[in-house]
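Look for subunit A in each of the two complexes below; its partner is subunit B in the first and subunit C in the second.
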Partner chain A sequence: MMGILSNKRLLLSLLVGFTLVYPFLFGQSGYFITLFVMISIYVITAMALNLLVGNGGQMSVGHAGFLTVGGYTVAILTTKVGLPLLVVLPLAGVVTGVIGLIIGLPAVRLKGHFLAVATLGFGISIPQIALNWNSLTGGYSGLAVSRPDWLSNNLSFFYLIILVLVLVTWLIHNILKSSLGRAFVAIRESEVAAQSTGVNLSFYKTVMFMISAFFTGIAGGLYGYWFGYVSPNDFTLATSFLLLAMVVVGGLASIPGAIIGAVIFTILPELTRSFVGLNNIIIGIAVVLAILFLPKGLVSITEFFKKRSQPITVKEGTDRTGGMVKDANI
Partner chain B sequence: MLTFKDVTVQFAGLTAVKKLSFEVPEGQIYSIIGPNGAGKTTVFNCISRFYKPVSGSITFIGEDLMKLKPHQVIKRGIARSFQNVELFREMTVLDNLLTGLHPIMKKNILSIALNLPSIKRDERIAREKANEVMEMLNIEHLAYEKVSNLSFGYQKMVDIGRAMMSDPKLILLDEPVAGMNSNETEKISQLILKLKEELNYTVLLIEHDMSLVMEISDLVTVMSFGEKIAHGVPKEVQNNPVVIEAYLGEVEEDAQFV
Partner chain C sequence: MQIIVSGLIFGCVYALVALGLVLIYKTTEVVNFAHGEMAMFSTFISYVLLTSYGLSYVPAFLLSLLFAAFFGLAVYFVFMKRVQNAPHLNQVVLTLGLFMVVNGVAGLIWGYQQKSYPTAIEGKPFQIGSVFISANEILIIILTVILMLVFFLIFRFTKIGLAMRAASQDTMASELMGIKVTTVFMGTWIFGCVLGGVAGIMTAPLTFLSPNMMSEVLILAFAGAVLGGFVSLPGAIFGGLLVGVFENLISYYISPEMKIVFVFLLIILVLYVRPQGLFGGRKLMKKV
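Right, the complex of A and B next:
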């Protein structure tokens, strides 16, 4: 078992193989395919959120807002403008990315709690806008999304989603391991040092928001296409918190972590559906346990079993407090 | 190469640096020494553009540094290390060094996301450069170790290594041997000489270890309470009564400075 877990390539191909045959394992049941689609949507969103929160160290309590924007963009562009899916889906990302850019601009000046409150405000306002901008969003009754004919079959749509999922994962992986990804982590770790190595803080923070919003918008677009309908209350404040829980419990700054978190927290509510309220309690407990015992998330659980190699040298005097350089950014 | 002219820095009434003027000539090791709180690190933070002087000018190869933002300083060829080590602690040594190359790496989001060949090539060249620097510092074996697992001495090395990545013209070293044993100090002193002689860097050094300063510096400026009190080659400074007074409080007949 440990051998499989440590061999990334094998694990990856097993995972992809499983998803490819997944619909047939459950006799192409609509319920299980929908469950998988929701998992995929949350996996993409959790990876996008993790890029911002885990890698970049910037807080967002409003990512549900980006999902909603993506969903509505798809609805408006398909029914009111009538564009094809291959144009609409990337556009859903671009439109949401632009919104992310607009949110990111002022957010650059805010830190920690203040940033959390600002993004919270965004997350709350988006459903309100969707509710009240009747002419564009259809208000309470929401908007229908027309799926193209070649995707009317659930199975073909299922494979499209897998394709998008793999593509997005690959893109995010590339971004994170590049100089761009290093700049994000640099900002999280030390803004002073990041600046003196040439990282333009405001630019990269804005870019982070934009990239994160872009992929979240695509996830929201997939949601719209799958259910054929978007309404103001599809993604609420609770969704934003659930997304954060996915990232924290799964593993901050880790793509597998985001995937694990998204899978668990999409399936969990399904299992506890008959017990009202239990779901939130379990999620709450899971978050607390993760923070206490696995601060790097479930993805780090293998480290529990692995014998840690001998530390190079004993830590000494690594105290970072004091010194004026920490506070030099004025 | 780097010129300070009548630079004054104030924090809410406290004058940290007062009418400071000095000139760092190209290709030399220039040290700034002085008691704690003399304003040495403030000088560095002015060059890095974290602090804004209330008056005076700082120029680097004829260019006014005051017009730059902190992240633009490195592109002009000035890199720095930090007194208390400002590393990216959760990154590996290799990634820390690679981040030092940030100013010259390609940053097109689209080609990065698609991992185009140009990005791969860029990354390969960056890794070669990082290996070179690690070899020079003798830390190749730590490439994939997380920085937070390293001892303070190694962390200081990585901090200097990161500054070396972009091949700066001027490197600012803020107490590079603070907290190091004599063996490590010797290594760093060799390294600093190497920076000057083999890599042709100009070095601006802040250090409390007097034997190191006197051994490797070409020129020394002494600061006390934000003012320059002495300047010259190590020998002159060493025997300057004003300097001895600043360090020891008052001049005594048989006082010996280091």
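Right, the complex of A and C next:
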């Protein structure tokens, strides 16, 4: 088991293989495919948020707002303008990126909690604006999105989403390895040091917001296409919180971390959605346990076991901590 | 005028919540997102004491504040003490997790139906000039002013206040100087949660009692605290009042649905001009 985990290439191909056969494992059941699509959308968003929060060290409590913007862009461009998908989807990213630029400009001057409030305000305001700008967004009733004919089949659209997911993962991976990604990390570690070595703070911070918003917008666009419908209540403040939890619980500044977090926090609410109240408790407990026992996120779980297993001769029978981890890993 | 006064009353509630938030942040450097939910829980306790056990208002009020104090103590010892040295983001997400747990537990116990909550002082509103105001609303204003003054004086002029300020600046140095940092932090959490409890009990008659009653209040109080600079107690009060009045003006003159949008627009504008908030001093760069 450990061997597979440490062999990245094998793990990656297993993962991709699994996603390719996934629809057939569940007999092409609509429910499971939709679940997987939601996971993919949140994986993209969590990776985009992780780029901002984990790598760049900038707080954002309003990423659900970018998802909503992406969804509405797709809805407006397809129904009111009638552009094809291959134009609309990148455009959704671009429009959201521009919004991200507008948010990023004041954010450059803000830090920590002040930034959190600015983004929080954005995340709360977007659904309100969507609700009240009737002529453009259709108010309460939302907007319908028409899928193009060649993708009317759920299965083919599923593979398109997988394609976008792989592409986005590859892009973000490369951005983080480029000079851009190194500049982000430099800003996170120390703004003064970064500035004195020639990193243009305001430029890179704005770019960070734009890139993050761009990918989130694409995820929102995919959401709109898949459900064929967007409404103001799709992504609320709770979604923003959940996204932040995904990133932190999964593991900051790590692509696998974002993926793990997104998978867990998409499936967990889904499993518990029928119990009102209880679902909040379970999600909350999962977050609390993960923070308390795995402060570096779930990606560090192998390290955790390694650390436990080495002094096992000394501490035989101290199973208590081991048990806790299983809880955290629900 | 009437609009401004009723805005001030909501502003007082925001200010009380903001005061608790800033107090906890100023000393322990944790932004407690669960603050509103903990306040809501204490309010429910007072509701149970009032209705099921038939206590009169004042003992129920005091007992639920006692509960709030123990709640704060428990949260500090069980959760926050362990992550004291963790990155801030982890602490924030931890309080978000607590937010969900407390909200869910309250929902399970008391359900999501809105209940009406009795006011502290009954009585018809009377008229001062052209403004109608009820005795209960006057109580809220007086209580806010008193609590603010008390905490401001404690922070400024007593040894406890000095210890709090020292612990917030440098945990290790103040521990070496003989300050029991754990005790100080514990006290801060207790005070903060009691303040939250007061705010919750004051909010409940204005809105309705339900597990979700404090979430909007918390957001606006957070906004008010940030507007005031997040490290200044008078700033928190001023920010809270400003948010309350502004919100009421917007919902009267423009539209009630858009009030949150405009409140945050105002805050972003203010922060753009003064990134450290209205009352926040210049921050010194700690690490280079």
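In this section, the second predicted complex is superposed on the first by the 305 of 330 C-alpha atoms of A that agree within 3 Å, B and C clash if a C-alpha of one lies under 4 Å from a C-alpha of the other, contacts with A are read in each partner's own complex, and residues count from 1 in each chain.
We adopt the following convention: a contact is a pair of C-beta atoms (placed from the backbone, for glycine too) under 8 Å apart; a residue touches a chain by one contact, two chains touch by 3 or more.
As the structure is a computational prediction, the values presented were derived from the model and not from experiment.
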Inset, instruction - Check whether A:S190 is in contact with subunit B, with subunit C, with both or with neither, and answer first, second, both or neither. - result: both
Inset, instruction - Once the structures are superposed on A, label A:V199 by its partner contacts, choosing first (subunit B), second (subunit C), both or neither. - result: first
Inset, instruction - Using the superposition on chain A described above, determine whether A:V207 touches subunit B (first), subunit C (second), both, or neither. - result: first
Legend entry - Partner chain(s) touched by A:I281 [first = subunit B, second = subunit C, both, neither]: second
Inset, instruction - Check the residue A:A118 against both partner chains and state whether it touches subunit B (first), subunit C (second), both, or neither. - result: second
Inset, instruction - Quick one: classify A:L180 as touching subunit B (first), subunit C (second), both or neither. - result: first
Inset, instruction - Considering only touches as defined above, state whether A:A245 meets subunit B (first), subunit C (second), both or neither. - result: second
Inset, instruction - Tell me which partner A:L171 touches in the superposition: subunit B (first), subunit C (second), both or neither. - result: first
Inset, instruction - Would you check which partner chain A:L163 touches, where first means subunit B only, second means subunit C only, and both and neither mean what they say? - result: neither
Inset, instruction - Would you tell me the residues on subunit A in contact with subunit B in one complex that are also in contact with subunit C in the other? - result: 190, 192-193
Inset, instruction - Could you pull out which subunit B residues touch subunit A in their complex? - result: 41-42, 45, 48, 50-51, 69-75, 79-80, 82-91, 95, 98-103, 105-107, 109, 112-115, 119, 122-123, 126, 142, 145, 148-152, 154-155, 162, 166, 174, 179
Inset, instruction - Could you pull out which subunit A residues touch subunit B in their complex? - result: 171, 174-175, 178-180, 182-183, 185-186, 188-190, 192-201, 207, 211, 253, 311-318, 320, 322-326, 328-330
Inset, instruction - Could you pull out which subunit C residues touch subunit A in their complex? - result: 25, 31, 79, 82-83, 86-90, 92-94, 96-105, 107-108, 112, 219, 222-223, 226, 230, 255, 257-258, 260-261, 263-265, 267-268, 271-272, 275-277, 285, 287-288
Legend entry - For the subunit A and subunit C complex, residues of the former touching the latter: 53, 59, 106, 109-114, 116-118, 120-122, 124-125, 128-129, 131-132, 190, 192-193, 237, 241, 244-245, 248-249, 252, 276-288, 291-292, 295
